[in-house]
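One chain, chain A, appears in both complexes that follow, with chain B as partner in the first and chain C in the second.
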Partner chain A sequence: MLRLLCVCGNGMGTSTILKIKLKGICDRLGVNAQVESCSAGEALAFASNTDIILTTPEWGNMIKYPEEVVLITAVNLMDEKLIEEKLSEAVKTHFADEY
Partner chain B sequence: MLKEMLQNHNLIRLEADVEDWKEAIVRGVELLSKAGIVEYRYGDAIIESTEKVGPYYVICPGVAMPHSRPEDGVKENGISIITLKKPVYFGNADNDPVNIVISLAAKDNTSHLDMMQEVVALLSSRSCIDRLLEAKTIDEALAIFN
Partner chain C sequence: MGILEFIFKQILGQAYILLAIIVFIGYLALKEPLSKAVGGAIKTAVGVLVLGVGAGSLIRTFGGILTPISEKFGMTGVLLDTYSTMVATNEKLGEFATWTIYTMLFSFIFNIILVAFRKYTRIRSIFLTGNVMLVQTAIATYIVYRFLHTSMIPTVLIASAVMAVYWGVMSGVLIKPVKEITGGANFTIGHQQMLGSYVAYKIGHKLGKPEDDVERINFPSWLSIFQDNVVASSVILLIFVGIMMFALGKDIVQGMAGTTHWVIYIFRTGLTLAVSLYILLTGVRMMVGELMMSFQGISEKILPGAVVAVDCAAIFGFAPKAVLLGFIGGAVGMIVGVITLIAVRAPILIIPGFIPMFFDNATIGVFANKRGGWKAAAILTFCSGVIQVFGSGIAANAMGVNAWQGSFDWATIWLGIIAVFKFIGNIFGISPV
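Let's turn to the complex of A and B:
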């Protein structure tokens, strides 16, 4: 199972929106994934149990996470097509054997 | 569900005339506080955190979803929706200027999920956004949730 983590400032709004979007995308792509969300401060603790982090470019530059975790950023959180492309590419590049 | 909340608590304002992003936040939070969803201080907390960490909550072109943490005066889960007569800049280079402000109050990061699903459904539809921006009456705005 692919473990996805959505991160934003306080883990309530932006990350929840990303989580909802991602769940929809994974369902459609047939990717077996667990999608969680958290605040920027919690990201490091959560990320030890994560394959891919999704966030905005600003938070992507600020949060700390383990080297092996793949980071995907999106500016327009409603751009499902772009998020889907980035996610598919990350899965193909980094997790092709596992998923 | 979202529709009933917006209707019953009078949480929509159309073509609001605001000077800048701060006034847009104040007006949005005012609706939430009148409805008993947040304490008045919630708006100050949002403005303060925006000044500190930036307007990352401008989530897609033209749409801001200002919010802060539960302990900053959130009493219930809820949102208010304001459309702006003239767009304002929040300082988010990619998604500015903003003409829809969805002020969000969430008690925790799980119980607001159903409400957020409806918000995402609304924002995922360009035609819904356009209808909201063109709405002249509250009933027209509420009709996008049908």
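Let's turn to the complex of A and C:
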């Protein structure tokens, strides 16, 4: 099972909406995933039990995370199609056996 | 105790059980498996109880500072923080605090109805920002109850009607500006500074040129630590709590501190306040995640393709430097506002918090920058910071609470709404509760 982490400013609004969208996206891609959300300030604490972090480029630059974690960034986190493409690509590249 | 009383008081009268039931029903309505519905309900209940722990800690810590301030200076301290305001108004509502949950449900239902009849109402957007909905509906419920002293059903219905119109109209006017900023994304902002954002979008071009885009400016990299909510919230509270404690004087603070050194005590109090807000946030996040799941699912079933109004941070990625500049502009404006209040010996002392300082002005900064570049963003967020302090002071005073939203709309539009309800209450000779 893949562990996804959505990160935004307060870990409240945007990351929660993204989390909801991701559940639909994962169903469509056939990826078995557990999705969590948090604020940029907390990301490191969560990142050690995470496979993929999803956030904007700005937050992505700021947060610290272990090397083995894959970072997916998008300027518009509300763009479901773009997120689906990026996630699908990341899963194929890094987690092919989970697919 | 009768069975009805047991159901209404002991079960439905407890916020954590009531919200858990709502989430449970929401999941079942969306045909999710039972295990998921039960899990969601439990997480909601835990979230509400975590929130309660944060609220208790907040009231204890903040109260400890407020009492000596009011004794020494005769000033009432008001904390500008979103979730603390909900705690304060729920305290005021006391045994009626669960009314606020019905207001949230009915506001959502009215919002859907207004969008369903969009041909006539011209309202097109569904508000899905659960964290904001929770807080706003709680405060609106108390506004109605405070000034009209109505019973449950009219209070809930009046508050919901006002809420739904505010959500629909204000998130609606931002549909076009958001499209412009995001290059065609189909969502809008449903938050707490929608008027401020709209004004910034409308007058931005008068204050500067869009070619002077803030994204071309390089900020020192250390400033980005203020985008870390834990760091920023602690630093801001530490500064303002520090100022207040210094104003009280070493002797009083040492008296409060007991055997702890007074400097260490100031440090610890500032951080403890930040911790309380952090626990509140954690609780809200846990329950809101579950609530939004149901809201989004239900609105998509009833009104597929409606424009969704989401958290303001959704547009931050499109202009990250405008976010930072807006935060700085707002912070400077708030500090100037607070100093002014002290200088004119106002009866209210404002303690700014991170959420209204950062999220409101970052959002207004993005809209202002789009139309008028960095100059417009700097000027408008500075003005917004000042307005947030003054407007919130008046609102908190009128509402008799020691915490206020602090966000732009709640220091402007809602000040007007409070005035209207106060006026109506006055006509009927009702004294505020």
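Quick note on the criterion: the second predicted complex is superposed on the first by the 97 of 99 C-alpha atoms of A that agree within 3 Å, B and C clash if a C-alpha of one lies under 4 Å from a C-alpha of the other, contacts with A are read in each partner's own complex, and residues count from 1 in each chain.
Criterion: a contact is a pair of C-beta atoms (placed from the backbone, for glycine too) under 8 Å apart; a residue touches a chain by one contact, two chains touch by 3 or more.
No experiment lies behind these values; they were computed from the predicted model shown.
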item: Fit-or-clash call for chain B and chain C when the two complexes are aligned on chain A; value: clash
item: Touching partner for A:Gly41 - first (chain B), second (chain C), both, neither; value: second
item: First (chain B), second (chain C), both or neither touched by A:Glu80; value: first
item: Which of chain B and chain C A:Ile20 touches, first, second, both or neither; value: both
item: Which superposed partner A:Trp59 touches (first chain B, second chain C, both, neither); value: both
item: First (chain B), second (chain C), both or neither touched by A:Gly9; value: both
item: Shared chain A contacts, counted only where both chain B and chain C touch the same residue; value: 8-14, 16-17, 20, 37, 56, 58-59, 75-79
item: Complex interface listing, chain A residues touching chain B; value: 8-17, 20-21, 37-38, 56, 58-59, 75-80
item: Contact set on chain B toward chain A in their complex; value: 49, 53-54, 56-57, 59-61, 63, 65, 67-70, 94-95, 104, 106, 108-109, 112-113, 116-117, 119-120, 123-124
item: Interface residues, chain A side, partner chain C - complex; value: 8-14, 16-17, 19-20, 37, 39-42, 56-59, 61-62, 74-79
item: Complex contacts: residues of chain C adjacent to chain A; value: 128-132, 182, 185, 187, 191, 224, 227-231, 281, 284-285, 288-289, 292-293, 296, 310-314, 316-318, 320, 323, 355, 358-359
